[in-house]
């Protein structure tokens, strides 16, 4: 059976520290765009920690929500791409093939999660910052779309290593950069087709939900809802 | 030459030719023989130590073959070498546990920063102008040695001084010993967000001058007073790891977390209950909680008698801290206090944490002692799920007998204020030569301290920093250090684990530039100075010194190493040394001592009518105290609450903003008795109406191309109030006024703040 | 109908082709300069990166796609209108059809440029062609953009034929009148037209077939353009009404464009005798009808969204109606409904000037409508964290302006090269032969002209 | 005219764009440039762009007339000493001059080409070989040698008969050839097998 890679995000563990954000940037050669471009809405973050604020002072509650490509099984970005730059792989990844991308940006419009990022200009690493670039990951050029790949380079490397040893992949052998960095272990990656993987087990939790599940995109990212929730009674009792 | 490496050198991330074969004929760079042979495209992992903050996380460096442009014998060329590609947490390391915070992840850019200083420099322009000319190392070192010899000739040894960033372990000791052997006073440390108040309070309460470690993973209830322990305070990675376990690591048990602070921090945003409190009254609230518990018999006064007894009125059940009285002072409803107290008492183990702003008031010491007392009442000290102190595992340089002194090289630091006065000639001895190591007081000290003027009066300043920053532009000579990846590293974390930890690591890669490890430079200078200085520092190199120091650890405490030789091998393999066994540290704790402490009310600079707002600077998630503002990844990291990038902002409560006629992004002027600054407003519901807050980190006058002249520096507004017990700056004790100035510019990553009805996850 | 003789008609209508006035040069140079500026801006965009346009995340489509939809909409002026008028034998169509057909072809050419202009890597646009390559990858037929590619190409070919077919007899006329090298060019273009009954019969059959075929093609083109939006799960895009709504809007803007073009030609080429109040009034009535149809669609679309109260959609709806786009929205309602309704339903105001004013308003309004369909939805997608804004840059504005200039330039050049009013059809109308039956071909007409102008 | 205008736009604007790489050798005036130049055009000139589009690459000119033939005839396998990393990782790698001199310190030391190498060594330099094989950057191919070697794909399959050449000659490899071979070997042919 092919793999079906997925991620579980435990919102009760996530502290919003953004270690995942920088880890992803370091792993995947995500460029910085500078202040002027960032101000124009062109900053690239394959993973971001969304925060939503509820209530007014002093009853303020914040929700942190790490959002990255949901690798939907019914991905809206895939059918709209005229050149198959965005397509579904056999192991369930929503792949972005940079060299095939002609930059229609249709996929980015179709994506309800707005997790696709476009190279409006050619990115530059000022010497010697380029020495840090990960040789296992492409450096994308102007005019192509990019997004979270579930660290496909790590998946491929692990697969090649396992094949060389003629054994199946073990659970936990593939860890994307964000999950590896996460101090509170809010991100768990694994094979959803393997019922014993940690990701599978967590995805079966009663707390598991999807982001924008009502759109029917069938994401492979599960969000475990925070417990404790809004204790309105407590707040009313206090004030 | 392989393709990928070729690409790195010739196309620099995608510019220039898309041709991957054969270099451009117009730019034939010489290729030097490689020093090491690596398998191209295959990563090796080497341990190192993160220099980002004082947590001292152990990291693993992913090293791969790459083509680096270097200068060898004055010739510009390319060499194939192992270059660091990424940092990960070291899974073996007890502090980082295989994880890393965003700043740690970005620390790799310290090595590859385009504006890193690559060779010694000598000032040619005016001080502060940043005009330097390159120098070779021999000349640079002899320049300094001459200066020191001149002091020696004039018997003016005491006029040598050193100001460093907070250092621990062997590097700190080498500097201290150098100064001592030369005949100068101990080194000074400058740190804006110092935790010295808490260390001193812990010494008083528990006999340990150390930051505490919290066993959150086993706690059921956590109350934190102002401590941003998941973001920037103390040991965030270790604390976040434990926090994750507290929330969801135990089947059926989910720890509750309450945060007490007037401005919602990243940590506060995670709390189940966020309790805004009047600035500086955190200690009162803590004692109010203790009062309720004692009063209702929810906890016995005897459990924490010794620690609590430091508080005036403890034995009487803290009569002055009845909930109604506390409500008046703190602004937290009495019913809420009672409720929190009963929850705390019921959900044991419970633990209280204090850190950050509550310590940075003039009554910071009182606040800390009060929270310590609360912990005592909760019986959390030294217990599972409570607070404890990490066993100390100091590695020390062996003593070397010398004719002048045998005093301990672990001499206490000289206070920064004393150094300041010496530089200004207020007290003797003056400062003729100042060694500056990565401390940036020009940026991070209040204007009233007149650091700039003080530095101007020092005849000769030597900086060992890797970057031109606000302070090091005053240097006459710059002897740039290796980056942490190019150098041996050592650190001795003081908190974050219940094991004793020493971090030591070999260089992960060869130096990119013509730099030298500061420790090596000091040893070289000592050698050249000769006499008692070289006797006191007999080691050839930093590596030698480290090896000698590692002998001092207790080899038996680790399961894997039996002899000191084993320890040295082990240290190099795993990036440090740590004990295996869990130690019960409560027994080691000495009893509290000293006179009882009265309630102290915070004092603020500025009249309430003229300056109606409390001003709260806070360490930013990206830059801490500003020392990481030069990293482009950090500049472009959206602040997790405001989502602002590449700038500063002023956080204002919506009601206050409405009253002032300020809307999101407007330029506002914030003025204190010390000065004024302008920054865009960020209207946030997570801040009390009488508080305005600003992240520290931007506003550098000089700090590389990415941070220079960007944003505003809130430290410039701070009044020079200090916490009297420790002498550290009370950075939360300034009052300000706020006025709208016009339209500003705020670069936010997020569009909306509020979820749409129905939520986004279903 | 015109009250002129066949000879006068030929002279009047061939004059702009055969004589060149300074005004032609002035117009060509002015418009040409603007077009060159647009091309330079495009070159700059290709060199520096698409980032010189104002698009961003999340507003990945902006002015360019607005222009694309707008011009494809305008292209419905011709072929559809002239085909319908031909099939319904509307007698007043005769001086109008060729201009309408020319608008179609040019608007399509301009519109079809925009998918290229907006690409991040336009030099790879050929990957949209289905061609066998060693990579073994074909275009993704599930993508509405590939449907666009086929639909627009079909329509372009069809409408070009539809323009050229009735041009043949006039080309023969030109061949006979022109001198020098132009004579040779026209001879080639005339495809050996001799006006034999056989040829007339073939021509009429071909035109009849084309008129029937082109209608479903035209309808499908704009339906498919609407599918670019309707197929994406974007709030307010994902709508079942978009197909007919876009087609209605297209015809609406097409008629407006035709009226404006006619008015310009009437003045510039002094064709007052041929383009009369009757034509403007008739087209004006058609415009009024389409205004009402369009208004109905807008109302239906927005009412259901509001009533449905789906949070994401309502966020967009309110952003348009009372948020940052309210000004543009109400301007659009004024231009597309209020003004045309007043100007065209009151007979006293339905003058030539009145219809032209209404048409200009409709063109502005329809451009705004395209913009308001595309941009606000993208600024308010599902996750409020990723909401954004859009502001066009100078490059986009230059290119947009250049396309209007290009339209004018192409029209000027076309009217210079070919008679902008179908001469033989006009003559045929004057002979009160509503349908030219095979065999009733006016051989003498061609011959008479040949003799008249030695 | 259309082409000319587009090209003119390209050139005109292309020249005013900031340079790609800033030299960091001398300490810069720190506050001189508050915002870094983050972007450059993908190609410096229209000519570069056209060359890249058509995949035109200049011939590799090697500093030393290294003879693959002589080495192969002396029974040296490709991955024995010179390209051993092909069996271990993604890149075959080129030997540094040190590897060459292991043998050539004693073998054929009089040969003029070997003497060039000795001169390199004396200067502490390595040979500046120019790359022959490899994918264009915009192809975004992450090729990995090791699995191909493990699957017993002969070097000559892609590199041609290098054993009969002096310096290696480039073969024009196309994606079609990769696909054909992958298909024949029942290896994966989906895009992310190679492009990521």
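Should a chain be cited, it is by its letter among A, B, C and D, assigned in written order, with residues numbered from 1 in that chain.
In this section, a contact is a pair of C-beta atoms (placed from the backbone, for glycine too) under 8 Å apart; a residue touches a chain by one contact, two chains touch by 3 or more.
Just so you know, these numbers come straight off a predicted model, no measurement behind them.
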Count the C-beta pairs in contact for A-B and for A-C, then report the pair with the higher count.
A-B
By C-alpha centres, the chain nearest the middle of everything shown is A
Could you put a whole-Å number on the gap between the CA centroids of chain A and chain B?
30
Which integer distance in Å separates the CA centroid of chain A from that of chain C?
44
Go ahead and note the Å separation of the Cα centroids belonging to chain A and chain D.
33
Intercentroid distance (Cα basis), chain D paired with chain C, Å
51
Show the residues in chain C shared as contacts by 2 or more other chains, in ascending order.
48-49, 51, 58, 382-386, 388
For chain B, give me the residues that contact two or more of the other chains.
4, 7, 12, 14-15, 18, 41, 114, 632, 643, 710, 750, 753-755, 760
Shared interface positions of chain A, touching two or more other chains:
31-35, 37, 48, 50-52, 65, 84, 100, 121-124, 126-128, 136, 139-143, 211-212
Taking chains as nodes and touches as edges, what kind of graph is this: line, ring, star, complete or other?
complete
Contact set on chain C toward chain D in their complex:
36, 39-49, 51, 123, 133-136
In the complex of these two chains, what residues of chain D are touching chain C?
1-2, 5-14, 17, 39, 41-43, 46, 49, 53, 174-177, 179
Chain D contact footprint on chain A (complex, rising order):
31-37, 84, 87, 89-90, 93, 95, 97-100, 121-124, 126-128, 136-143, 149, 152-153, 156, 160, 163-164
Contacts from chain D onto chain B in the complex sit at residues 20-22, 24-34, 36, 40-44, 48, 51-52, 57-61, 85, 88-94, 96-98, 121, 124-138, 144, 170
So in the complex, the part of chain C that touches chain B is made up of which residues?
58, 311-312, 315, 379, 382-388
